[in-house]
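Two complexes, one shared chain (chain A), two partners (chain B, chain C).
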Partner chain A sequence: MPHTSTTPPAAQHHHNSLTRIGWRRLRRDRIGFSALCIVGAYLLLALAAWSGLVASHWQDEVAHPYAPPTLFAGAAPHHVELNAADIDAADRRATSAAALDSSGATGLSASEDPLAADLAAAQQQSAQYRSTEQARADSLPLGADQRGRDVLQKLLQGSATSLQVGIAGALLALTIGTVLGALSGYFGGLLDDLLMWGYSVFTSVPDMLLLLAFAAVSGRGIGTVVLVMAFTSWTGTFRLMRAEFLKHKGREYVRAADAIGAGHGRRMFHHILPNVSHLLLVQFSMLTVALIKYEAILSFLGFGVGVTQVSWGAMLAEAPAELLQGYWWQMLAVTLCMSLLVTAFSLLSDSLRDALDPKVK
Partner chain B sequence: MNPTPPLLSVRKLRVSFRDEHGHGAEAVKGISFDIPAGKTVALVGESGSGKSVTAMAITRLLPEHGCHIAADSEILFDGRNLLTASRRELRRLRGGDIAMVFQEPMSSLNPVYSVGEQIIETLMLHTRVGRKAAYQRAVALLKEVGLPTPDRKMSSYPHQLSGGQQQRVMIAMAIACEPKLLIADEPTTALDVTIQQQILQLLAGLQKKHGMAVLFISHDLELVGQFADEVVVMHHGSIHEHAPVQQIFEAPQDPYTKALLRCRPHLAQRPARLPVIKDFLGDSCYFEPPQRQRGYQADDRVILEVQGLCVDYHSRHGWFGGRHSQRAVDEVSFTLMRGRTLGIVGESGCGKSTLGLALMRLQQASVGRVLFEGEDMLALTPRQLRDYKRRIQIVFQNPYASLNPRFSVAQILTEPMLLHGIGCDAEERLQLAGDWLEHVGLPRKALAKYPHEFSGGQRQRIAIARCLTMHPEILICDESVSALDVSVQAQVLNLLQALQDELGLSYLFISHDLAVVKHLSDQVLVMQHGRCVELADADTLYAAPQHPYTRQLLDAIPQGWPHCIKPRVA
Partner chain C sequence: MLAYIVRRVWQMVPTLFGVMLLLFVLFNWVGGDPSYILAGKNLSAEALAGIRQQLGLDLPLPQQFLIFMRQVLTLDFGTSWSTQQPVSALLHSRIGPSLLLTGSILLLGTVLAIAIAALVAYLRGSVTDRLVTLIATCAMSVSALVYIIAGQYWLAFKGGWFPIMGWSDSTLDNLLHYLPLPLLLGVIVGLAPDIRFYRSCFVEELGHDYVRTARAKGLSEPVIMLKHVLRNAMIPVVTSLMMSLPYLMMGAMLLETFFGIPGMGKEVVMAVERSDFPVIKAITIYIALATMLFNLLTDIVYKLIDPRVQLH
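So, the complex of A and B:
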């Protein structure tokens, strides 16, 4: 028996755990740290948008359709807004032209018009309401879309959706991949064979096809998108974790854990998992980037988030029609915003890999 | 003044490394020594002494980034300063006039090229010979380094050769271009003792035949004594003693050299406590401790009895292929007495580690019985085994790998107590962990640190403390001191001895080092190819070995200076 002394248990000084060393290394990496700051800023904005602090009124039509960005108010293509009088005038012009051509053979008289009664009733009713003309802005900081919604607000709300989908999808994919990979690598044998077969079947189908098939079956909405993407992207993590667990289970520290009586679960998730967690962190940031891009593609193709929600992909889906008419600002804003985040996330992955690798010391 | 200048002279070599914070650490602190042509100079020191850095500086293989060689340092080879030589010049010298042999032959040979290809490449790079002539020469070289059937070996790949054969190939490559200087950096450390002797004899023979100068780098003073003309003892980056080999062994001047010579266990004596470096560096005079008597006594009680233990490794070839099994431990039987030590010796691959793992049921045994106080451990259910597992613990070889790097020392030490319900709450367990830490000679405040903040010896102490927290009765030490420097090894051996005296632990001491085993063991079991070839009381076995393999092992132990294997030129 050791003698029991009365000194208090050692105060928890800030000693250099590997995590702390990794953090310090990341702090010193200028590129990695700026990338981390950018990603952090995005997350804060997304959180604010998600909780309704900013951009909660993104659906309001606050400007004229296709109002240009403030800076380019003069340079933007001219937008002609048609009102009822214009249409009537055009209609009249067309009618008279037609009448001239074919000597009035095609025109309908008032008694023949089947809608005449309804029209009259509607005109009577409309007299009961007072129509107010809302003041609409001529230009917005980042312009407006076809319904006159603020692109900036849509962008913020879209970031929230995209990040939410990306992060939730990545976490789910990571969890599936890690648990299956850990079981497969740690226990090996028949379980490993079975899981590997499942994995092979899964990966033999082209990713995009699988994604679209899942999406087509399960309808639209954020929840569906997250599930669909998680189910298609766990495979990389599975292989990685399987290999890591296979490698680590034979290490002496795991054998030592066995010797002191730690069970399988404890050895897997208490001993090995922290030692591969740096890989998971890197995997997480890479997956998030990939899933944000996937979400954009899905929404672009019409399988993404619902019509009442906005995401980067949904915004990009509007771009082709807009570009045709020369309204470039929505597409440019989304593209810049997305590439900044994706680039920052990728750089962060690289820096994390360098900073957290316990071998490089 | 010597009329013939030395082949290589190192002058005021000063090398410093800069870490990521920008703090410089001086690895070599202005050393100077000469290597005369045709002589063997040994550079001896423990890890971190700067001996390998010196060798790397000579071949200019130090990393360019983060490493700084002082401006006034000079390394003159044949009158040329290597530190200022151009890359072109260096490429011609390396592999040509200066050749190197490294510690790990497996990782020094390229695994995707045949052995012959690699030797031919060296030859064709440095000499103007055609491919055919190079092939002939390569075969001759393989023959010279003593490889059987050199013609066939030319087309072998490195993994098809044993460790000793790989090292012979490395040596063949090194001497291919008749170098003037051969740098051998721990060339035998990764090899078994019997192979080690063969490689040393080969090197000694080649050195004499080709008249090369050899810079022999080693941590083992005894080994060096057989082979070197001059010995340079390094410690913390500076030279402590530089003298002819005879003087080093017969009249060492420096206290550090004396300590190095003494702290390694010797076959001839068994002090109660091994001397450590500190005993010699202080002012007080070192007194010889009394000798310790070893061997099983008549009134000893049996704690562990192993009967006919066999362990098989199974491998499956493909899905439908048959199962192949290989017997790693074959019918081994022995008894361990309470409070005594059983040493298990053998070369790598003899099954001694597998035996240790099987006793703990970390490896499944196929046949046999392991009776722990009469209870067959191999027949216990996992639930019953839990309590037995606590009573028999293991300390692994590599202290760098056996501690979870993500855990603090407190976590490492409290986890076993948590699992076995020792101590009633977290605070008490932390208290106990601190007590055990002090018990193994580490300060209590080390609890908050992480494994990477400790040296190898300290980590091994933590690993021992982790076992002790469970109050084990048997401790299996699987090569537990093999990865440590001799001075640290002495400290850990002393700790193990003190713990045995105090707590009455029984040890199974597994090692390839016969001198260490002799120091600590009451009985010794010699294993070869999974079988027990000899089992006897330690003193009996070392005095009168019965089995030829035991004799072979004993002969292979480096004996130091008086047992010089090298025929000297009169």
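So, the complex of A and C:
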């Protein structure tokens, strides 16, 4: 009776202790632990944004266009907003100047202008309506964009989108890579040849080109971006998992599992997978960073998230035109926010690798 | 050696076939019917039928695949859908600027990165080492987009030291006027990850026994560093360099787009924007071929610089 009851708890205990050792090492690693806290904070913010707790009104135009950040309200470049009356006045000045010009070759008189009658009618009609404008703020904590949307809210929503794309894409890529790699390494033979052929095909085209080729035939939107990224970035995980399964399938514990009658699926995913899962955690963390960077570039080029969504790349796409006019706040906010997360994720990857390395005692 | 090369070239055939299959599935099956894009505003049943017949879309799929295979084998991809230029002529005119830009970035970036990495690895553990590693980690976290946007704004628009964008027909003019800023930004973007990777290569070599032996023999530090460590550390460095060569053809996509350089990268982006499938297919096939050739070349160079490597 002792024999039958001790084996499973021992395996359980060993598995737990490996995770616990890793956790304890990570707790001791000051840099790794603070990185973990930062990533956790981002995840909480993203969760809040997904559930609509914060930043659900990011599309509201709450301030004047390009309202500066509160701290720099005095020093920021002044934005002059022209209303219809200003434009009319400028128009009248231009027409009177043209009329003064004796040659008169430049301007059209009212009788010659084919649109004059329509314009007058349109102006009369528009005078009947009164648009109810809400009071708009002069400055916001992080400023406003071209349409007067709050940069802080956009930033929160954008972070949520970018994280969602990065994490979902990484999880899907990891799943594809792990399943295919496990099949390839475990069974070998013809299946391995076939999957290795697929691997060599996907790796013979650079990632970015493959992403663009996939983006050329698919639509826009978060779901598509996630799928495209997963289909193009499973190869690294595949190679890693194939090598691990190849190594582990001949080990004694797997043969012991075979001896007690465990099937192929159970041996692969119940016995071998937990022994290689620490590699997957590191791989996940690295993939997420890479995909967040790819998403920024894709969205910047206009092949990423849809126009009704906002992400870091979509925000950066507005930056060149804003900078030219001196409005630097949106770009600075995105840059800082993205750098902090990417740095924290990279440091976390390094720490995880060290903490979960079974060779280090 | 010759037998090895022949076998490796022979192994490229199924891979190339796979790339063709992937592209065919993507553009002829997943991509849907491109005749709607081509017909534009003149959408009529006759116009659609005409376009389908012209492109061979009315043929059964296996026959369409054979046509695509013939295009790849003769390297004649027809004409671009958006400009009606022959694709081969189009790509021929795009490869020069890409090679000039990416080649110079690779050359300057590698020399700088190796020099800094060797110095930092030699001073490992010191304040300089930690500072450089910290700066490199922070620099890597900033998106390449930010470097390019900020560089173009401050150095070209505000500072006026470089032209904001452009490219000319004369190579000398390009080298003197239009190349420097994209080159500078490309080197800056690539420097941080390269330094970190090369530093780890050097540090690993410095921990080996032969370094201690060389010190015990009384060799001077520069001799140890340059004659012993550098040669061994070059093996992973050269491998990673060779692996990055196919990207030369693709060019620095973002830099070309920002600075209006008529290279392959900009062409890809424009082709995706305009759904110009023949151009995307042609570029992907060329890059895949280049990648396979450079992989083979990497293994051969690997053998040349490290006699311990056995090719099989």
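The rule we apply is simple: the second predicted complex is superposed on the first by the 315 of 361 C-alpha atoms of A that agree within 3 Å, B and C clash if a C-alpha of one lies under 4 Å from a C-alpha of the other, contacts with A are read in each partner's own complex, and residues count from 1 in each chain.
Rule of thumb we're sticking to: a residue touches a chain if its C-beta (ideal position, glycine included) is under 8 Å from a C-beta of that chain, and two chains touch if they have at least 3 such contacts.
Every value quoted in this text rests on a predicted model; they were computed, and no experiment measured them.
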{"item": "Chain B versus chain C as contact partner of A:Ile87, first or second or both or neither", "value": "neither"}
{"item": "Chain B versus chain C as contact partner of A:Pro274, first or second or both or neither", "value": "first"}
{"item": "Which superposed partner A:Tyr253 touches (first chain B, second chain C, both, neither)", "value": "first"}
{"item": "Partner chain in contact with A:Leu18 - chain B first, chain C second, else both or neither", "value": "first"}
{"item": "Which of chain B and chain C A:Arg28 touches, first, second, both or neither", "value": "first"}
{"item": "First, second, both or neither for A:Ser218, with chain B first and chain C second", "value": "second"}
{"item": "Chain A positions touched by chain B in one structure and by chain C in the second", "value": "none"}
{"item": "Residue ranges of chain A in contact with chain C within the complex", "value": "197-198, 200-206, 208-210, 212-218, 293, 296-297, 300-303, 312-313, 316, 319-320, 323-324, 331, 335, 338-340, 342-343, 346-347"}
{"item": "Residues on chain A engaged by chain B in the complex (per definition of touch)", "value": "2-5, 7, 9-13, 15-19, 25, 28, 251-253, 255-262, 266, 271, 274-275, 277, 358, 361"}
{"item": "Footprint of chain A on chain C - complex, ascending", "value": "14-15, 18-19, 21-23, 26-27, 30-32, 137-138, 140-146, 149-150, 152-153, 157, 246-247, 250, 253-254, 257, 268-269, 271-273, 275, 277, 280, 283-284, 287-288, 291-292"}
{"item": "Chain B to chain A touching residues, read off their complex", "value": "20, 357, 360, 362, 386, 389-390, 393-394, 396-398, 401-408, 410, 415-416, 419-420, 427, 430-432, 434-436, 438-439, 444-450, 452-453, 463, 466, 470"}
